[in-house]
């Protein structure tokens, strides 16, 4: 309890907790869950966008999309590393992903159906992600906060690229504009869901906020996202698919409809449009790659043995 | 500007070969995105694809300029059908497992690296400039691919078996890279490109060293069984690649993206 | 001619659903050509594909006539993008193994047969005429598919396991066939089409009998998890189907074949 | 020897040999090889055309192509049945195909690269096949001769369909005409090879002709094919890729260049453009289908046992 009080005092003073330092088990577990889920989201998040790489409409768009998907894999790498500092291996994290014990962001269980979705994912999904992540640059766990700094920089670049695609589509031919509107229609509510259900319903929130693992409430972030995004949609000439959307002068923000939370929970429990395909693709990649990883390990062992034998001569 | 004694169409065709090899191999490589055997591979494969698409864009831009008909790099990538593509068959084959993918990357990059190295000394300054940019990336790709070929060839029994199978499968396609036709000869005459026999000699040295170290056996089969890609006669696979790649440009002609 | 109290666009959309289901399932079925598990299957699968392409042509021709904008059946098949397609998601899923293919054929055909049977009594004579032609072929397809589902379900342990896995995989997609929206309701009001709840009752009877005989277990999962295809919201698979199918029409606009 | 003489006399009188009747072992073996190879060719021959079914440019063309590929599977079925009358099972014939012990027509080792190839295959490949098969309607072995009657009828229908495609392409846009010419360029010599090398080099020909298993020499049939095809090509406005092609008034036929027989032998021994893919596809279909065939067999056995048990009650 003394340790605990000291720990909390450090956090309250704004100090960073570093890997070798003492931390409560709950803090460690929550961080593993949160950072791990974030890492998994980066990896699974490659798939919906990867779906359009081979069909990107110009060489330049193809390069931008490839670079973006590569960045996501890179984010996965930092985040798994950050998570490993908490005493869990990357392979163990993968196992938990593949077994369904750990989740990834539900947004990646939605399909990407047209090129406009590459815009919508960048603009809305990365936009919502940034909204979540920017405060996490000030999170109490050092490696996580540092990873967030690096990731946020790249994500905001991705978001701008996504918005540029939407702009091109919205200003393009009637078919392109229709695709842009359709993409907004499909991604709007799932993006709002990315902030999670209202914190009123969450038991862990208070503790996590005290630990500075969570900085803002879900509702605060969601409101901030809507406030930023609505004018962007209007600038594009697209309509946000919410007939209740109205400006609230008092709160200086938009009133908007709640997403359908039953859909959120259905997707979470596995009934989203692409849950089976996304997890299936990751499992297959892992299983198909087993011989490859084993081969590299065997070679490394042989080389070590050879060096040893050579040294002994 | 390009050597004036060389037929414009010949130079254009030759540049297309460079661009098409890069585009089609880049396409195949990009199919791995998100499906690699380890996170580091996912990143490396995406990076390779990105480099290759970059190379094809430079070659196509030069090709379009040489052609002088106002076409763009995108036009060349997206609005030609299979019989107008000039890549070697090797690069359009399906990926197979990651071992086959890496073996192809190694076999092609050993050629690609030596070709680009020679092209940095091209009499055509634009060609040498592009080659100088591309060769650094390809040198890295070659290092990485040959390293993996060695480690997997000399890894477990299974990884050895798979790498040998990949080599045996790909071998009858490698000869096409070195088979000079009138276009290659004309470019060599003009000093723009090296003789492919010279490239082959260097390729042989790299391949022979690497296969030895990888404990893999050089196949006892002619390497020039499957040829014709450079002249536009491809495998049945290319048509499917293009149908997918070109869909948006074909379905929405003239749209901007 | 069609009932005048029905919105032309609604009828058009509904006809597209019939045509698109036939085209896309026909496409998937045709992918088996030359790759079936026995010669008799190769023939039967080609025959099924042929029937389905024939049906889609009839529905598209009528749809184009209803639309009245001078489009042809080929225009509807080849010049629409995925979000304009109205087939249920079930038919666009990849084939999987032959067991999964036959299970889908069974689940879809039990619906298709009952729907077409009901449509032979449509108040629209053109609809009933097409349905009368198509239903005979679909009756045969249903017989064949249910027979195979029974034999494979009650075959070896492995064939049983595969058929159960196919059923489990496909089950969350079957509900979409019976999920009526405003279009379905309007058609039922007009007496052109049956209520989908009636079709579902008949489908349940067929499926329940066949699964019992096949010793397969009805999945304990909602059947309406994956919906939206009828409204143009598909799986990621459809885009690839169309890129391949439409390549020539897209690449050579206006050419005759 | 007496039996042999009587057998030869029956053939000389134009009688048909039927399955249960006595025949020399060499006659049986040669027929198995020839009919089996023909059956295999029908099955493997589905693949190059099957390659364009999903990409056929109109619904009508797709139907015609599907019907054609289905006919080929049907021809395979009659021919395997005819072969089975000689005392070999279909499964054994498949085994020999898959092991490489038996061949199929080398023409199917060439790829189909454009839609015009659907025309060229119908026009040239089916055309050459018919030229080979029409005389075989008079072959001495009854089941084979009857199968040929049925097959020839359908093949000539296929050939006309192929020619119609070539006509459309040759009269179409410049790109279509270029595809048609390219298809002719690629399929001309392989089609000439379909008749086999000159009979001068064949040891078996004389015996097979005496047995009426072979009716015409390879060179006769090849000449007949060239004579029929050259005017058809000219009618299409396409150029036969042979600069030595000249009308020979004396023989009332065309003089033409021999195909490159070294290519023929290379393809035969496995070095054609698609040998590995064609045989690989057939092997895969067979291997993947094993559980399916086993399932049907198991069910049939269960049903038989059930009937027996029921009868015994």
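Letters A, B, C and D mark the chains in the order given here, with residues in each chain numbered from 1 onward.
As a working rule, a residue touches a chain if its C-beta (ideal position, glycine included) is under 8 Å from a C-beta of that chain, and two chains touch if they have at least 3 such contacts.
Bear in mind the structure is a predicted one, so any value in this text is a computation, not a measurement.
Two chain pairs, C-D and A-C, are weighed by contacting C-beta pairs, with C-D ahead.
If you average the Cα atoms of subunit B and of subunit C, the two centres end up 42 Å apart. Rounded to whole angstrom, the centroid-to-centroid distance between subunit A and subunit C, based on C-alpha atoms, equals 37 Å. Centroids of subunit A and subunit D (each the mean of its C-alpha atoms) stand 57 Å apart. Residues of subunit B in contact with at least two other chains: 81, 239, 243-244, 247.
Along subunit A, residues 55, 175 each make contact with two or more other chains. Chain-to-chain contact here is organised irregularly, matching neither a line nor a ring nor a star, and falling short of all pairs touching.
Interface residues of subunit D, counted against subunit B in their complex, comprise 51, 55, 111-114, 175, 178-179, 182, 186, 266, 271, 273-274, 276-277. On subunit D, the positions that touch subunit C within their shared complex are 43, 46-47, 50, 53-63, 66-67, 69-70, 73-74, 76-77, 80, 90, 115, 165, 168-169, 172-173, 175-176, 281, 284-286, 288-300, 302. Across the complex, subunit B is touched by residues 81, 239-240, 242-244, 246-247, 250-251, 253 of subunit C.
Those residues of subunit C that touch subunit D in the complex are listed here as 27, 30-31, 33-43, 46-47, 49-50, 53-54, 56-57, 60, 73-74, 77-78, 97-99, 150-152, 154-156, 158-160, 162, 244-245, 247-249, 252, 255-257. Subunit B contributes residues 81-83, 169, 172, 222, 225-226, 228, 233-236, 239, 243 to its touches with subunit D in the complex.
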